[in-house]
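Take a look at these structures.
What follows is subunit A paired twice: with subunit B in the first complex and subunit C in the second.
Moving on to the complex of A and B:
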């Protein structure tokens, strides 16, 4: 189940897929009425990336734990710990320390989960739920003790927090080198308004300008996780604990230690995600600001078939939904057109494969979407935030046979017992 | 033998609670307050009649939430979606109750029926996805929570909010007098003194008690409840002995959601008479905590619900007197849950080892006692 190394054919296919997606989005943007300009734009791309990062980190955290065979419903709680400790660390010692302390806070939550599930053999779901209940209690108490006494802070929020800083990539997005402003080539092409080309460069410009250093670090964790889990002996051992712990044990792997390590790393990733929300996204700690992103991260694990790259794509998709609804409702409306047509195409394929019932249902869905698109001018604001949840349900309902989770995921393991 | 059983059964929750008090005390010392003063303050305030009434009012929805969760837990089904189920059930039940006028008893029954049906539709959908498409209920109910909240927001904004209301706090129309649940102040005052501060002992606690009793009878006295329990203990054995696992899953989810629908009703029927933006959230997750502490047993859940209700009711005095931050209670609650689940696990392992030893001794002595078969306890 290891990801195939990026061979030429594969990277080519990726490029074609991305180009095709951008083409589809550009066409949709051109055709959509009422007009929208934010379906693809530098702003949307940048916002998507920022919104995707915490989800991505929670997802990577989920992969670490589940690859070692421990289901981590507690990601949400660990993320909450990350937001508080991240903000506190940033206030006390500066933003980078905040990230580090947020990671430590999440990792502490992971350690608790590991002690309960691996050490004591408590059911994984139950322990995770308990951590989700415990974490807000801890942060509420700590806020009361610490933030409430500071100016601008209170029982439910911290004073403003400074971010770790942003940069523009030189030569492509106008970044500076030793004080010399390089040209903003991507932005220039974006402004020309050439069909497709400008859209491509708009995305490139969005994800190369005003980038947080923390974002860069988070994205580096995707190949980092792939490398460690699939290319190192440690990763092999961790994964073997998630597939067949008894076999791993018989080969001399210390299963308990591997599981502990993986779950602590998992908590650390979630904590990073929480710290990112507090320090980079909002610049403040607020109670309940994770808004269930830990759970969405869990959804990307399934969505991405327990693969880091899959979780990354899932988080981009969910980040896109998140970004669009904040920026431009008409863009969300335009997506109805896109989904309607897409479902229609899938229906045609089903018809060709002589699956009349499925095709009938899909055609009905497609017609409904298109009717909805033409009959309205905007989509209700409640829909975009739940698209990740609906998408996850749909994936589980229709594609669960293609998903493969680690074989011993969620199972209790006691050394010496089959 | 039974004495040892009782000691074993109480060992876990008591030691978990003691551990949590210890941890919380350590935290209080760390922030420079005297824990003994704080606990004493809470105890003396917590024994006042008004605080106990508040405890009962807070424990009622918690108990219902605990039962809703426990219905699933008893057969290893994790209905994490109680949170969303009770919210949308409360909204629709409040709207339905405000839309009709009926004789008192019928009116209340209608509201209760709407709430239970809405709750069970949501949870039943998760059950249906599990048995037809193999979607794990933990994931589907988490996703359905978010979908339920979105639906609540949309329905409130567009259709169900009172159009004559001009304030920013969206609310449904008020339920007429006939649809309100009576309080038990008269009954209580006959035994005690007058209740001060305008507090009311919510009558819905009677419903909660009845639900608890029905839950117990269902599990212990009916075929269907028996199926549910043995499926939780050993799904393969259950199936081999003729239990339809799919029907049992769907039934358990439907029941769980139906009880979940009741959670919001003490507030809707006895206190606010409408659904608005300040409707209490988080009871579903708290219900999971309560069910875990009570080990999915109706009596245990009652203890858990009363404990959480009492802690929440007694904590405000800490702020009034300034002895300690009241938020220490949320730490205490969180630690209780985690340490309780660990303690139950440890105790059950100790018990298993002991039973294995006993059996070994009995077999070695060649005495055929026959009744040494360990009776399985279901639970977390």
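Moving on to the complex of A and C:
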């Protein structure tokens, strides 16, 4: 098999998969009308992307650390550092500096983790948990010292901060070029209300209008990470440290240095995620505003099989659940229908692959979801906020069988040991 | 004047806490020769080679390479001087491709990225030049052992090494792969490379080496020409005493059937048939040898008997009872002992003390347990007894298993199983990777318990061991028993041809 047709067929498969997903969404949307119209819309798409970015960044951070063989459960703490330093930087020097200083804050957390795990051989989980406990303490202390004295600030929050710029993509979503407003083609098709076609363009419209430059930067980090880790000598060396550090050492690779670099980059990514939450999502630093997204990011690492693109898809999924519960609580009720349909489809696939037991369980789950949907008009108030977490759990349950983690992930490495 | 030696080590001494690994070692390796370094495990061979390769720094002594005095503080410096090492435990990352493993640390770069085309070309050129068949884009995890070794050798050559150190390269290979390796090494020698070859299989050493240096207890004993010594003499130099042999005295096997398998089939993890329709009987006081190239169902056979893997068909009878549905625990408690193939992964908890290790598999029975609790003092006493009876050389029973040499670890595992007084002992490669002295002790112990009426199922890749110890031999190929042989009338050559499925007349064997 030559590489070209393989590549073609792979991108073809991707397009078919995405189209199928939109089709399922469209059908569910039609079924759920008029209860909700937010299951698939430009607003939901845009919100999904914004919600996904911090999770994506935490996920990329997780990939960097784990590819180098260090489990980074401290992502949450590094993200918290990112929120505080991001907000502080944005207040002092402006939003772009806020992003940069947020990254530096997260990277400092990463450095601490690297010193503990790589330098002193502390168990990765223990060090990570310590950072998760330490970070809120540090930020509370800093808030009391700095934000509490400012107008609008307090010991748990900062004054409001300005966000970095937004833009609409010209010609497709009505962006401006030198003051001339280009036509909003995607929006126009969206408004026609054609089944499936309008839905596709609604999504396209949602992710091309009112885009933050920071979102663009975050998404660029997906191919960026792929390129650096898989195409450069540095990336190969980092990955070799996560697979077989003794082999890397025997070839003259400085394992400690690679691990330090990877974990600091990991912290920087998480810090960016935190700064994004403070500066872009909420426009304010508020204590505990990361809401466990660092952990969800870690889950996308596993969901995505330690691949950046996989983590990206995972973050979109969680972003979607998150966006839906924020925008429209009734949409979460429709989500039951969606889950029922999706699980039903997975069950059919399992049946085709002659896995009767798995298929049986899935059909049961699917039936349960559909029954729940039809027997009720709304879901209890506690359900919407935890939807992203339930989605995380469900996905991990279904995805965990075919995963392959770096071989030396989480292991202590000492130079000279066998 | 003679040309400068490729490598000369003079007065090398290396101390570790509590032990002198190398004590005033002298070795002189001429350019373009295959120089073997032999010695028992713990004689200091690996330490010496790690010093030469820059992984360890010697406390005393000088090294010269091509006549220049050198001192290495990292493998990178040794690589720069043209020294490369093929490690005993392969230094390959399973989840990376062959290409990535080879170029790691010495990547060709074009505009900041790895130049994959250039790397692939130079790999293919190297493969062609030395007759080493490799595929750059294969994942290492999909490769056979012999292929992995070729990747290791390519890795070293890619870095431009003229001096190759091979640490026990044949330990993991089957006879046919050993022949392939030796062909490759001779080819390298012809092209002007110097090879330092560490081993303790003496027939192999005599076949491949030009010069042999013997180490014992960290000191150089002597250096001899391969043509001037016999295996017998070499072994005596290595252990400083008489050579043990695996042959057994004649004795009585009785009619009592300990274990019988009737039509046993097993499927592997991919649902393929790994064992088909196996019939076996094992009598009291009998050693049944199982020969075969690795991966032909021996592992599945053992797992089926122990109950680690469910059978797809057939029945297992142990001591007159059908045990097909019994749990592993019940089988073990009824008298099946097990010496696993990989003592590090399956036999021991490396970071646990010896007394805990001695308890594994017997933690529910006396003297290790009282009721449902562990009996610490009973366990410690029992461990002391195993350590002294089986001559496990250790500072104490609180030492971790990791600190012991391979031979002593194996003696502990075998002692643990034998001390539980089983009716049937399954031993997989019981002397793999251990030195001649420990090997003799293991053989002696197996013979002793057999004389007491124990049945032994011996799976081994060491054909001399199989022929010497077994009362009866079966050969496995593709999950079936393809031959049953009388060891008294079998040669390694004949056995080898049955193992590969070749016609007996075409069988080729190195020994």
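One rule holds for everything that comes next: the second predicted complex is superposed on the first by the 375 of 418 C-alpha atoms of A that agree within 3 Å, B and C clash if a C-alpha of one lies under 4 Å from a C-alpha of the other, contacts with A are read in each partner's own complex, and residues count from 1 in each chain.
FYI, a residue touches a chain if its C-beta (ideal position, glycine included) is under 8 Å from a C-beta of that chain, and two chains touch if they have at least 3 such contacts.
Just so it is clear, the model here is predicted, and its values are computed rather than measured.
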First (subunit B), second (subunit C), both or neither touched by A:144: first
Subunit A residues touched by each partner, larger count belonging to subunit B or subunit C: B
Partner chain(s) touched by A:243 [first = subunit B, second = subunit C, both, neither]: second
Contacts of A:369 with subunit B and subunit C, given as first, second, both or neither: neither
First (subunit B), second (subunit C), both or neither touched by A:233: second
First (subunit B), second (subunit C), both or neither touched by A:32: neither
Partner chain in contact with A:251 - subunit B first, subunit C second, else both or neither: second
Partner chain in contact with A:406 - subunit B first, subunit C second, else both or neither: second
Intersection of the subunit A residues that touch subunit B with those that touch subunit C: none
In the complex, subunit A residues that touch subunit C: 227, 231-233, 236-237, 239-240, 243-244, 246-253, 404, 406-407, 416, 418
Complex contacts: residues of subunit B adjacent to subunit A: 27, 31, 78, 80, 129, 133-136, 138-140, 142-147, 149-151, 153-154, 157-158, 285-286, 288-289, 292, 325, 327-328, 330-335, 337-338, 341-342, 345-346, 349, 380
Residues of subunit A that touch subunit B when the two form their complex: 73, 112, 116, 120-123, 125-127, 129-138, 140-141, 143-145, 155, 292, 295, 298-299, 302, 380, 382-383, 385-386, 389-390, 392-393, 396-397, 400
Touching residues on subunit C, where the partner in the complex is subunit A: 55-56, 74-76, 79, 85, 87, 89, 91-96, 100-101, 103-107, 109, 112-114, 155
